[in-house]
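Just below sit the structures, each encoded as structure tokens.
The following pair of complexes shares a single chain, subunit A, combined with subunit B in the former and subunit C in the latter.
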Partner chain A sequence: MFEAIAFYLFAALTIIMFTITVMTSQALYALTAMAAGMIFISAFFFILGADFLGAIQIIVYTGAVMAIYAFGMMFFDTTRNVIEKRSNPQFVVVLGGLAAVLVVFIVLAPIVTTNLNANYPIDLAVGNTQAIGMVLFTKYLVPFELAAVMLLVAMIAGIVLAGKKMDKSLTLMAEEDIALMHASSATEITQEEAY
Partner chain B sequence: MDMAFIIETIVKIVVILLVFSALAGLGTYFERKVLAFMQRRLGPMHVGPFGLLQVAADGIKLFTKEDIIPQNVVKPIFKIAPVITAATAFMAAAAIPFWPQFTVFGYTVHPIVADVNIGILYVLGVMAIGLYGPLLGGMASANKFSLISAARSAAVFISYEVISGLSLLAPLMMVGSLSLVDINNYQVGGIGHWIIWSQPVAFILFWIAAFAETGRTPFHLVANDHEIIDGFGTEYSGMRWGLFFIGEYANMFFISFVIAIIFLGGFGDGTIAGAFQLLLKVAFFFFFFLWTRAAWPDVRPDQLMWLCWKVLMPIAVINVVITGLVMMF
Partner chain C sequence: MEITLTHYLVLSTVLFAIGLIGVMRRKNLLMLFFATEILLNAVNIGMAAISHFRGDYTGQMFAFFIIAIAASEVAVGLGLLIVWYKRTGKIDLDQMTSMRG
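The block that comes next holds the complex of A and B.
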């Protein structure tokens, strides 16, 4: 009974939160509702007995959504409504509806054909964490390592892109040096444009 | 699920809430007294004996103050931000074993609300949600200094999550379990078996990260003191501001429990002596939070980031690799 109550409570909460995320024109509401929705999803993992995945869901999405907040802070005045440009609303409704129907089909197809069975059911003798480790490092080793390499590539690319002037500290430079640096970079840009 | 289990759990939750709310209040008193004695002052003296009733006076003041919601703030977010900080601090406590199990009138009590087998992950994850409080409070405040403080808090917390996670990885590899009870039982053999002796680097790293996660003084950038205003809390008044405070102090106590259980043997073999030793260790770590506040100035934001990414993170990674090599051979 408690599982059913918890499931319906968190299902309703998750749907409400993601609806707010999509519908609102307030950046702060959207971000906060998304963070809350992501955290409520972890409840389903806990109900299913997948404690490890539940905790990981909380940790990963807390940090990830916080990074999106940083973007929100940079691009919007988060205390005002964002004025969205809606040039073709019918088109958006049709595409969105199609995508939603498609997702329902993808999820329902294995259930309807009763093709759905757990490849790695929860074994109470082996802990949650150990079970995931075994699967990741035996059957899914290649995708796991590929994901790791992709993340490494992204990290190196990020450092290369962001780290151009990392050896210079604006805090420690004199005002004239900063002005000189800006002037030289401005001339570089005009030269590039000239080419 | 039987009724007795539900009633027992509710009683435990209420006890933890009451004890740690009271301790959070008393924590402010201890902080003032400790800071005062280190600076050769007397601290609160006038309300009650030794100023002990100052806590009650502060409580009355916070509860009865007018709750001001400024005009341009994003109201729902502004209202919910302090609740997030306080609520998640107490939710994180659900997986912490505060005391060894004991028997009262022939009934065995486990002083842990939910003995999940991923305890430490749950505690760190839920504490991390608590960092949304300062972030949302600052962003919803319609005040540029609050916004700057929110940006700083987001940067600090994202960075130091990495340190606390990586530094804990090495001891967890040795124990082979994420449950705080298992970690405690691993060190049951006494002072020689404490993880601090085999993982001193991880201990120091996690301790430093604990200061950043609770926003205590060497890393108190969430409310930069030399800006004179209170960072993300500038626009808050009354009990909403008080909730931020309760959350911060409760977090300090809970992270002290976590450090003591993981690195310093916790409650040991579960005797009464072990239980009181745990309380002494927690008291020491809480005192150390106050001691650093008296002894150290704040560091600059760029120094903080430099420390995190260029010093602490490489050390943490090297520590994990060395631990793995030692365990393998």
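The block that comes next holds the complex of A and C.
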């Protein structure tokens, strides 16, 4: 009974928040509504007994991803309304039809395949976090390491892309000046190599 | 009033549809990123629900890796977006025609 109340409450809240995110014309409203929606989604993970996943959802999404978005939005002009013009509605209709067919397959797949066997059955004697650790560091060790390398690559890419030439404004410079700046930095490198 | 797997899958589908609407109607690239985050989160709910109702940890494992991919996507995507904004002063999808596509 309490599970049903919690499910319907958080389902309504999540749908409302994500609708605001998609429909609003203010970037700040979209950001805050999505942060709230992420928190509400973690409630589903707690209801489903995936405690560790719920904690990770709060820490990673509302802690890290939303903070990155908030910092990124400081670079953009977010005070004005987002202007969006619509063109080519037939294209959107075709894409929407394809997406609807795909969604039918997504929903039907776990219902049709009823003869699945559990590879790593849930053991209620062991806590969720402990069991996750045991599965993650035995059967999924290689994907875990690959995900770690991928996060490192993404971190370096983010630093290089956002931090490069922070002291110069590439917006106010002409294309020739930017090309000149790149050329001068290239000659500096060749001079250093000559020494 | 028992909550079954179908309830969770319907919720996941509704959230996925909201994300798809966002991907199709947004022209501002920052808003497009928000919509992709909604898509990934909708899939995560389905994964966790199947993991719970089938009694298998595999769904939760895939949800973890989806979260890791979402985090790195945000880092790289926002870095590229900042560089583009510094160069042109706009983050509009319709004006990205430098590749003559």
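The definition used in the following text is that the second predicted complex is superposed on the first by the 120 of 195 C-alpha atoms of A that agree within 3 Å, B and C clash if a C-alpha of one lies under 4 Å from a C-alpha of the other, contacts with A are read in each partner's own complex, and residues count from 1 in each chain.
One rule holds for everything that comes next: a residue touches a chain if its C-beta (ideal position, glycine included) is under 8 Å from a C-beta of that chain, and two chains touch if they have at least 3 such contacts.
Just so it is clear, the model here is predicted, and its values are computed rather than measured.
K.L.:
Output check: A:Tyr29 vs subunit B and subunit C. Expected answer is one of first, second, both, neither. What do you get?
P.N.:
A:Tyr29: touches subunit B, not subunit C.
K.L.:
Looking at A:Phe76 after the superposition, I want to know if it touches subunit B, subunit C, both of them or none. Which is it: first, second, both, neither?
P.N.:
second
K.L.:
Any idea whether subunit B or subunit C touches more of subunit A?
P.N.:
If we count touched residues of subunit A for both partners, the winner is C.
K.L.:
Thinking of the overlay built on chain A, is A:Leu9 touched by subunit B (first), by subunit C (second), by both, or by neither?
P.N.:
It touches nothing on subunit B or subunit C.
K.L.:
In the overlay, answer first, second, both or neither for which of subunit B and subunit C A:Val101 touches.
P.N.:
Neither subunit B nor subunit C is touched by A:Val101.
K.L.:
After superposition on the shared chain, which partner residues are touched by A:Val153: those of subunit B (first), subunit C (second), both, or neither?
P.N.:
A:Val153: touches subunit C, not subunit B.
K.L.:
For A:Asn119 in the superposed arrangement: first (subunit B), second (subunit C), both or neither?
P.N.:
second
K.L.:
Once chain A of both complexes is superposed, is A:Ala55 in touch with subunit B (first), subunit C (second), both, or neither?
P.N.:
After superposition on chain A, A:Ala55 lies in contact with subunit B alone.
K.L.:
Answer with first, second, both or neither: which of subunit B and subunit C does A:Thr129 touch in the superposed model?
P.N.:
After superposing on A, A:Thr129 lies in contact with subunit B but is clear of subunit C.
K.L.:
For A:Gly63, is the partner it touches subunit B (first), subunit C (second), both, or none of the two (neither)?
P.N.:
Touch status of A:Gly63: first partner only.
K.L.:
Once the two structures are fitted together, what part of subunit A is touched by subunit B and by subunit C alike?
P.N.:
52, 56, 69, 72-73, 169, 171
K.L.:
For a test of understanding, state which residues of subunit A touch subunit C in their complex under the given definition.
P.N.:
1, 3-4, 7, 11, 14-15, 18-19, 21-22, 27, 30-31, 34, 37-38, 41, 44-45, 48-50, 52-53, 56-57, 60-61, 64-65, 68-69, 72-73, 75-76, 82-86, 92, 95-96, 99, 103, 106-107, 110-111, 116, 118-122, 131-132, 135-136, 140, 143, 147, 150-151, 153-155, 157-162, 164, 169-171, 178
K.L.:
Any idea which subunit C residues touch subunit A in the complex?
P.N.:
1-3, 5-11, 13-22, 24-28, 30-31, 33-35, 37-38, 41, 44-46, 48-52, 54-58, 60-61, 63-65, 67-76, 78-83, 85-89, 91-92, 94
K.L.:
Name, in rising order, each residue of subunit B that touches subunit A in their complex.
P.N.:
Per the stated touch rule, the residues are 1, 72-74, 76-77, 116-118, 121-122, 124-126, 128-129, 131-132, 135-136, 139-140, 142, 147, 150-151, 154-155, 157-158, 161, 165, 177-178, 300, 302.
K.L.:
Which part of subunit A faces subunit B closely enough to touch in the complex?
P.N.:
2, 26, 28-29, 32, 35, 39, 51-52, 55-56, 58-59, 62-63, 66-67, 69-70, 72-73, 78-79, 127-129, 169, 171
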